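In structure tokens below, several structures.
In the two assemblies presented below, chain A is common to both, partnered first by chain B and then by chain C.
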Partner chain A sequence: MRIAMVTPYPPSQGSLNEYAFHFIRFLRQKPEVSEIFILSDRLPDAATYPADTVAQPGLAPLHIVPCWRFGALDNALRIARTARALAPDMVLFNIQFASFGSSKPAAALGLLAPAMVRAAGLPAIVLLHNIMETVDLKSAGFGANPLVERLIRAFGAITTRVLLSADLLAVTIPRYVEILEHKYGATNVLLAPHGAFDEAPPPSFEPPPGPLQIMTFGKFGTYKKIEPLVAAFRLLLETRHDLELVIAGTDSPNAPGYLEGVRLANADLAGIRFTGYVAEEDVPRIFQDAGVVVFPYTSTTGSSGVLHQAGNYGRAVVLPRMGDLAELIAEEGYTGEFFEPDNPQSLAEALARLLDDPAQRRAMGTQNYLAACGLPMAEVVEWYILHAQNVLKIRNARRVARSRELVKR
Partner chain B sequence: MDLNLSEHIVRTVVIAPSQRIDAFNAPELRAALDQQIEGGARRFVLDLTNVPFLDSAGMAVLVRLLKRARDQGGDVRLVWPTEEAARRIIRLTKFDRVFTMAETAAAALVDF
Partner chain C sequence: MALNTRALGNVSVLDLQGRFDAHIAPAVIEWYGRLPTAQVVVNLAGVTFMDSSALAALTGGMKRCRQRGGDMRLYALQQPVQVIFELTRMYRAFEIFATEAEAVASFTR
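The block that comes next holds the complex of A and B.
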């Protein structure tokens, strides 16, 4: 099977680039896959992607085709045109609502791509990492004006219907399947869990000696805001001095300059460290060094890759008590300590409960490790291949039936 | 008249777990199924009638069995669980469209 995948891909900093990196790493190893094309975004400053890799024993050849640009209005057209020229057997999309731009027109127009690919006669499977129905628009800053909120929701519903025109639409959380089935009457939505990036050996559940690290990881500035975490850290420093706060990652492409602003505003604070971009080879160390991993989210956004990584490395986690997040992570077998969103006092208390209780940290890390091991991404990729084969089988059967019908006439 | 009679006996393994299949005990089921595959079994009926709960890690074990069995020229039939908590994950993952499903183990065996 020749597969094209529409996604940001490292060194692109676009969201979901890391998910794509691991997904493709495993996809290349599958004997059913003969060739992979990554339809990625163009890199800024004339930077280039690594050269194509040829077939190696046990690895499908990989071609990176930069054909769209974050923020452009004609991305769907460019993607459909490129996909048609490559003529793969299946086009996969690894996207979320803001994958194609930070402005609403660019984001919405880009999401027409799966429908246009299908219109070009190619089968398409969309992995949608968030759904509009669970985005907390108030937290995202659109709640003040009810009319604006209603308009955004209406456009979100239209966009979702367009996305549902794909052969299959996969989401990572069980509840999302049910929401889309009930609201849109969809029959082509399926659950494809996130999966753990690495089958890591049993980790050490103990942090290394030295100051205990409170770590947060990701792309910050939109729905991941670190101000309450920094404020909670200040509260903790009033009673203890053996702590370090590590902000690992970069600005979200939709919030350039965000982290630098927070850093300048807290220049007086000792014990806070901004790592900047974390290269793939440094990710294990970042997690292994952490005593606790914090998720300073202001809205729920689907299954968290960072949660799966924290699980992989056997870390205890602190999450916001928001929507049905607690239930959602429990459905995946994870557990965490919870705090009230945007409440530094509550976050400091949640952190203190774990910092003061090494046994609880170990127990939580162990459960999260077992949950992460439950479904490695290598197997999730297998799920996609089985569903893709099913889609192709159905399409072929329809084609044969149509041909017979024509012969009869 | 020369009648060249031969008999083909095709082995089908029926497995009927009766406990929940989740991230914590899925490895045990996985090991048991791997052992069957390595022992030469190719056709399986997984009777989930009495499984009270199945999560995505449990589902992964069933999918892996399907993949391995098909790679060897075999196949897997699933029997629907009676408990909604176990049926839910099969429906959500749409694997009821990938596996051949049956209501009873007897029906699944006939279907092979």
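The block that comes next holds the complex of A and C.
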């Protein structure tokens, strides 16, 4: 099977790039897959992707085809044209609502891509990491005005219907399946668990010697806001000095300059470190060095890859008491300390409960590790291949039936 | 969770009872490795709960059977298990039957 995947891909820093990296890593190993095209976004500053890789024993060849640009209005057209020219057997989309741009027109128009790919005669499976119905638009930086929010939701519903025109639409949380089936009457939605990125050996549940690190990881500035975390860190420093706050990651593409603003506003604060972009090979060390991983989210827009990573590395986690994350934890066997969103005092207390109790940190890290081991990404990829094979089987059966019909006439 | 195996001619039958989850999935996978036949029927009549690891164990087993020229058939899915198959649309990937007789007979079609 020749597969094209529409997704940001490292070194692109577009959201879901890391998910794509791991997904492709396992997809290449599947014997059913003969060739992979990554239809990725163009890199800024004329940077280039690594060269194509030829077939290696046990690995499908990989071609990176930058064919769209974050924020452009014609991405759907470009993607459909490129896919049509490559003529893969299946086109996978690894996307969320803001994958194609931070402006509403660019984001919405980009999401027409799966429908246009199908219109070009190619089968499409969409992995949608969030759905409009569960996004807190205000916290995510959209819709400060209720009327605007209602308008965005209406457009979101239209966009969802367009996305549902794909052969299959996969989501990572059971509740999303229910919402899409009930609200839209969809019959082509399925649950595909997020999957664990690494099949790492059991990690050390102890952080290294030195200051205990409180770490947060991601792309910040929209619904991941670090101001409450920094304020909580200041509160903790009033009673203890053996701490370091590590902000690992970059600005969200929708919030350029956000982290630099926070850094400047807290220039007086000792013990805070901004790592900038974390290269793939440095991810294990970042997590292993952390005593606690914090999720300073003001809203959630889907299953959290960072939570799965924290689980992979056996880390204790501190999470906001809100929608998706609490549900994901309950359904997938994770555990964490909870705080009230946007409340530094509550966050500081949750952190202190873990910082003061190494045994609890170990127990939580162990449980999260076991949860992350639940379903490796290799298995999730296997499910997608099964679904892709079924889609192709159904399409072929329809084609044969149509041909017979024509012959009869 | 109870796991029993038996043979019906060329077909290997796996009877599962109780919770089918990450704790039992490795034992099921190990069982596939020892199978003399590539035709497998899994009896899910007694399974009251199934998680994604269990489903992965079944998909892995099905793939292994198909690679060896056989297949895996399932039968007697109870409501909680059926929900998982519907949510994941895996009912499209497997051949599922109401009874053991139907599942076994399907290999001779």
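Here is the rule we go by: the second predicted complex is superposed on the first by the 404 of 409 C-alpha atoms of A that agree within 3 Å, B and C clash if a C-alpha of one lies under 4 Å from a C-alpha of the other, contacts with A are read in each partner's own complex, and residues count from 1 in each chain.
Heads up, the rule we're going with is that a contact is a pair of C-beta atoms (placed from the backbone, for glycine too) under 8 Å apart; a residue touches a chain by one contact, two chains touch by 3 or more.
From a predicted model like this one, the values you see are computed outputs, not experimental measurements.
Superposition of the two structures on chain A shows chain C clashing with chain B. Of the two partner chains, chain B and chain C are each touched by A:Val177.
Residue contacts after overlaying the shared chain place A:Asn390 against chain B and chain C alike. In the superposition on chain A, contact of A:Glu382 is made with both chain B and chain C.
After overlaying the two complexes on the shared chain, residue contacts for A:Pro193 are found with chain B and with chain C alike. Looking at the superposed arrangement, the partner reaching more residues of chain A, out of chain B and chain C, is B. In the superposition on chain A, A:Cys373 makes contact with both chain B and chain C. Note: residues 168, 174, 177, 190-193, 370, 373-375, 379, 382-383, 386-387, 390 of chain A belong to the chain B contact set and to the chain C contact set alike, using the contact criterion stated above. Of all residues in chain A, those touching chain B in their complex are 168, 174, 177-178, 190-193, 331-333, 370-371, 373-375, 379-380, 382-383, 386-387, 390. Against chain C, the residues of chain A that register as touching in their complex are 168, 174, 177, 190-193, 370, 373-375, 379, 382-383, 386-387, 390.
Contact residues on chain B toward chain A in their complex (touch as defined above): 22-24, 26, 55-57, 60, 63-64, 66-67, 88-89, 92-94, 97-98. Residues 22, 51-53, 56, 59-60, 63, 87-90, 92-93 of chain C touch chain A in their complex.
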